[in-house]
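In the two complexes below, chain A is the common chain; its partner is chain B in one and chain C in the other.
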Partner chain A sequence: MTPRFSLLLFVMAGLVVAFVPLPVPPIAPQERTFRIEAGQFAYSPSELKVNPGDTVTIQLVSTDVVHGLYVDGYDISIEADPGQTATLTFTAGKAGSFRFRCNVTCGAMHPFMIGKLNVGSNNWLYRSIGVALLAVVGVTLSLKQKT
Partner chain B sequence: MAKIVLTRNPFIKNALKSRYPQLAVFIVMLVGYIFAILAGLIGTPVGSHNFSIVFVWIAWWAILILVAVPFFGRGWCAVCPIPLPGEWLQRGAILAPPDKKPKWLNLRVPKMFRNIWLQNISFLLLALFSSVLLTTPNITGIVLAAMLFAAIGLSTVFERRAFCRYLCPVGGFIGLYSQTAPIELRIKDKQVCVTCEGKPCYNGSSAGYGCPWDVFPGGLTKNTYCGLCMECIRTCPHDNIAVNLRPFSADLAKPSTRMDEAFKAFIMLGSAMIYAGVLLGPWGTLKDAAYNVGSSAWFVYAIIFLAIIFVILPGFFTLGILNTKNVLPLKQRFASLSTALIPLGLMFWVAFSLSFVLTNASYILAALSDPLGLGWNLFGTATTAWQPMLTTVLAPAQTLVLVGALIWSARTAQKAANEVKVSSIPVIVYSLIVTSIMLWLLL
Partner chain C sequence: MNRSEFLSRIFVITGIILAIGAPLVFWTRTPLIHARMAENGGWNPDIIQAEVGQPLDLKLTSDDVVHGFAVGQMDMQSVDVLPGKVTDLTLIFDKPGIYTFFCTRWCGLNHWRMRGTIEVSGSSADPEPASIPMYVTLDLDIDAPHESPVVPQQIPSAIRGQELITNSPILQSPDYYRSHSPYQAFTDLSHTTLAEPQRWDVVAYIWQSNTTPESLANGQQLYAQNCAACHGENGAGDGVFADDLAASGEASMQTMTGADNMMMQSPVDFTNPTRMLGASPALLQGKILRGGMGTGMPMWGSIFTEEQIWDLVAYIYSFQFKYHY
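Presenting the complex of A and B:
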């Protein structure tokens, strides 16, 4: 096998690992409600898990200053005044892992006030590790071919 | 790919030989640097609205780690304003030809400090306080001022740029990673340097100053300690200095055997992973511990931080290479094989910075119009709302960067392993494991 053909093979295998759709067991969408307490500079709970298609309601309660919650990838946000509860409802239509973060300047560590929303399993992480593994195998084999 | 001699182009050569273009950039940088100090000290305490935080830790950092270091190596050092006041004081001149008589003590840096251990320590000191440093304008202002005064102080005691070469917390890692850059300054013909009388590139002449970085260009084989100040281009009487374009990571083909550089690779690799977990992760307890400097939680954080960098990461690496049968001492194998972590560490920082910079870049426009947070609106952008950028492509971009880093690291490991005649597999497996951890932290 020529090195170019091997490279092509590994690139194609990498694309398969990265992008080929996986079978998803059908799970009926549910309504899920989370009460998140926001205080300088953390959310509690800081990780949420839902299934794709779920209707998610977030009740954001600020325990000190004004805080916000912006969900990456969904581009939606809410703000909560101290002691007040703000509510955000959305359909978790996109699968994957998304950071949510404070979008109201709330103090020194504000840029790092971050939480995580997992919609279904974090397939992109597993795919990425798979591609990394494939890359290592590819490099090792190509080096062995050379020697 | 063959090297391309950039200085063959008369425009580039003249621009590098003349002091004026560099001086113009220096002055702009120095003004910006002093303004960042002042903004940190007198501007708003709200970091995301203060020029010092936004321009140093978002704009400058993005340019440095995403562009300058990967593509220009020590390109930043070539225009860095920190050594300037000290150097002008040391020389007693800004542009005038050098006076042979030293103006100050002009001592040689003691031999025990002629390595990058002090840079490793200064970086770690800042890294341990980074949560405060990155978010608190007056602390950023104080640190920037301290670096400027340290550079001035060292210039009056020691010869050349002692601060840049031996103490700068940023210069250490720029030097390490500059080995991967596709640009280099090298001599054209070694024989010309051997027969050159007086070695003006190192000792200075009426045409210019001796190498401020204490490097003899005739012996340059790596980018690590060449600050690209271009002084040797001006002083070489034989036109024997060239700036070349070359393949990426050309310097890594010959691995280093220095432990200070090996540990720098671990410090940078570990710091990127710790920052990814602490700053970008969802764990509030870690953020609290990192931010509350002096608290018992912070001391635990500091101990864990140092343990990861000095014990856990190098420990597993050592275990991996322990069984590789070889006559070379373990120390030498450790130092040589850790070369593979240089491209890996650089790309870990790129992946980490992509997330941090793209999320916070929109603060730049607001800070540009209102740099001190005093309600100004100089360019009409003061009210620009915070908006993360490119969040949908961030994860694929980070995967691409990290998988690319792993391939780069594996190929570097193979070259280093060939040099010390051991198997590269343990280092490649190690790189795969730390890359998987980084993927988990970022995705």
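Presenting the complex of A and C:
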């Protein structure tokens, strides 16, 4: 095997790992409701898991000052005063992991008030792990060939 | 240094002083009012002077979290006071007096302590005497317990009450409604042939007929904005601050007569029929008006208008009665 051919092989394998669509078992969309308590400076729960296509309802309850919740990627937000639960309903159409963050200045640590919305499994993580492993194998093989 | 150089130097220096000084003078004329959480000082300054009929310019900014600004008993839209931004506001006062301004966005357990005053000077043509609240004219002791010895087995329904009342009209004046507790109305109905649950239904109808859907909606909005953080969105006394209030009540020295009184730091449960059916609207008005009771209950008399308090009282009873609307 010439080095050039094996390089091509590894690049092809990498592209396959990175981009070939996985067979997705169809999951019926559900309605999910989450009650998130927001306090200085954390959400509880701070990680939400849903399936793509689910109708997600978030009830935001503030326990001290005015807090907000903005979902990256979806570009939607709500704001809740203590004693006034705010509700946000949306369809989780985009798959992936998205940050949600407080969008109302709520004190000194406000920029660190974040959480995560997982829509479907985190394929990009597994794919990038696969590509990284492939690269390690490729580099090891090429070093062995040279010696 | 020749003469022309000297003159031009003076000219340049005067120009610089004017360029810096003039905006500074304008800036200090309307001072910036800083808002902080009550624990950190509240409003600064917290006393503002104004004159009748003269526009009062205010600049507001926040040093920590989101606050709001509104003046009590004044028909105005509250404005948000945001950290890092300056909110401009112009107010005109028609009557002299001392007005209370307050924070309108919940900014913590002591949010309601964040208040200040605007002293409006000037002569008024006809000074209106303050109306005496009803609990004073009725000589009600609003600190004493007023409990209902009997409570209904099921939630009284104004719809059923209205059906009962069609054949024997019992109309009650607003004065009767305001000065009597539901329990008193219930005992006043004992001369009728109605059974006990039916009498409670009629009481619910009397309470409903003394309010309007608009009043209830207004009361609900005021409740959500000002009361729900402690008393709970469903009136059960379980708001997000209820635990914090109880904890701070244990720690504070506000009540010195022992642990029993300290329990009063817990917000009142409006879904408790023993308490609510024994309380007349005048009693509730007094409690909202004056606040206190050795608890964290704020004094709302300087903020809400009389009408707003009656709307709130009407809404609070809706935790006990099933209304038509």
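Please note the rule applied: the second predicted complex is superposed on the first by the 147 of 147 C-alpha atoms of A that agree within 3 Å, B and C clash if a C-alpha of one lies under 4 Å from a C-alpha of the other, contacts with A are read in each partner's own complex, and residues count from 1 in each chain.
The rule is short, and it goes like this: contacts are C-beta pairs under 8 Å (C-beta built on N, C-alpha and C of every residue); 3 or more make two chains touch, one makes a residue touch a chain.
What you are looking at is a predicted structure, and each value in this text was computed from that prediction instead of being measured.
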Margin query: Applying the document's definition of touch, where does A:122 land relative to chain B and chain C: first, second, both, or neither?
Written below: first
Notebook entry, point to check: After lining up the shared chain so the two structures overlap, which partner does A:105 touch, if you call chain B first and chain C second: first, second, both or neither?
Noted result: both
Note to self: One more residue to check, A:46. First (chain B), second (chain C), both or neither?
What the structure shows: first
Margin query: Under the stated touch criterion, name the partner, chain B or chain C, that contacts more residues in chain A.
Written below: B
Next item on the list: Considering only the touch criterion stated at the top, classify A:85 as touching first (chain B), second (chain C), both, or neither.
Entry: second
Next item on the list: May I ask you to decide whether A:22 touches chain B, chain C, both, or neither, giving the answer as first, second, both or neither?
Entry: neither
Next item on the list: Name the residues of chain A shared by its contacts with chain B and its contacts with chain C.
Entry: 105, 108
Next item on the list: Using the touch rule from the top, collect the residues of chain A that touch chain C in their complex.
Entry: 61-66, 81-85, 104-108
Note to self: Under the stated contact criterion, what part of chain B meets chain A in this complex?
What the structure shows: 46-49, 131-132, 135-136, 278-285, 287-288, 291, 356, 359-360, 386, 388, 391-392, 394-396, 399, 402-403, 406-407, 410-411, 414, 424-425, 428-429, 431-432, 435-436, 439-440, 443
Notebook entry, point to check: Can you list the residues on chain A that touch chain B in the complex?
Noted result: 18, 41-44, 46-47, 70, 72-73, 75, 96-97, 99, 101, 103, 105, 108-116, 122, 124-125, 127-129, 131-133, 135-136, 138-140, 143
Check: Which residues of chain C touch chain A in their complex?
Finding: 37, 62, 64-66, 82-84, 105-109, 224-225, 227-230, 232-233, 239-241
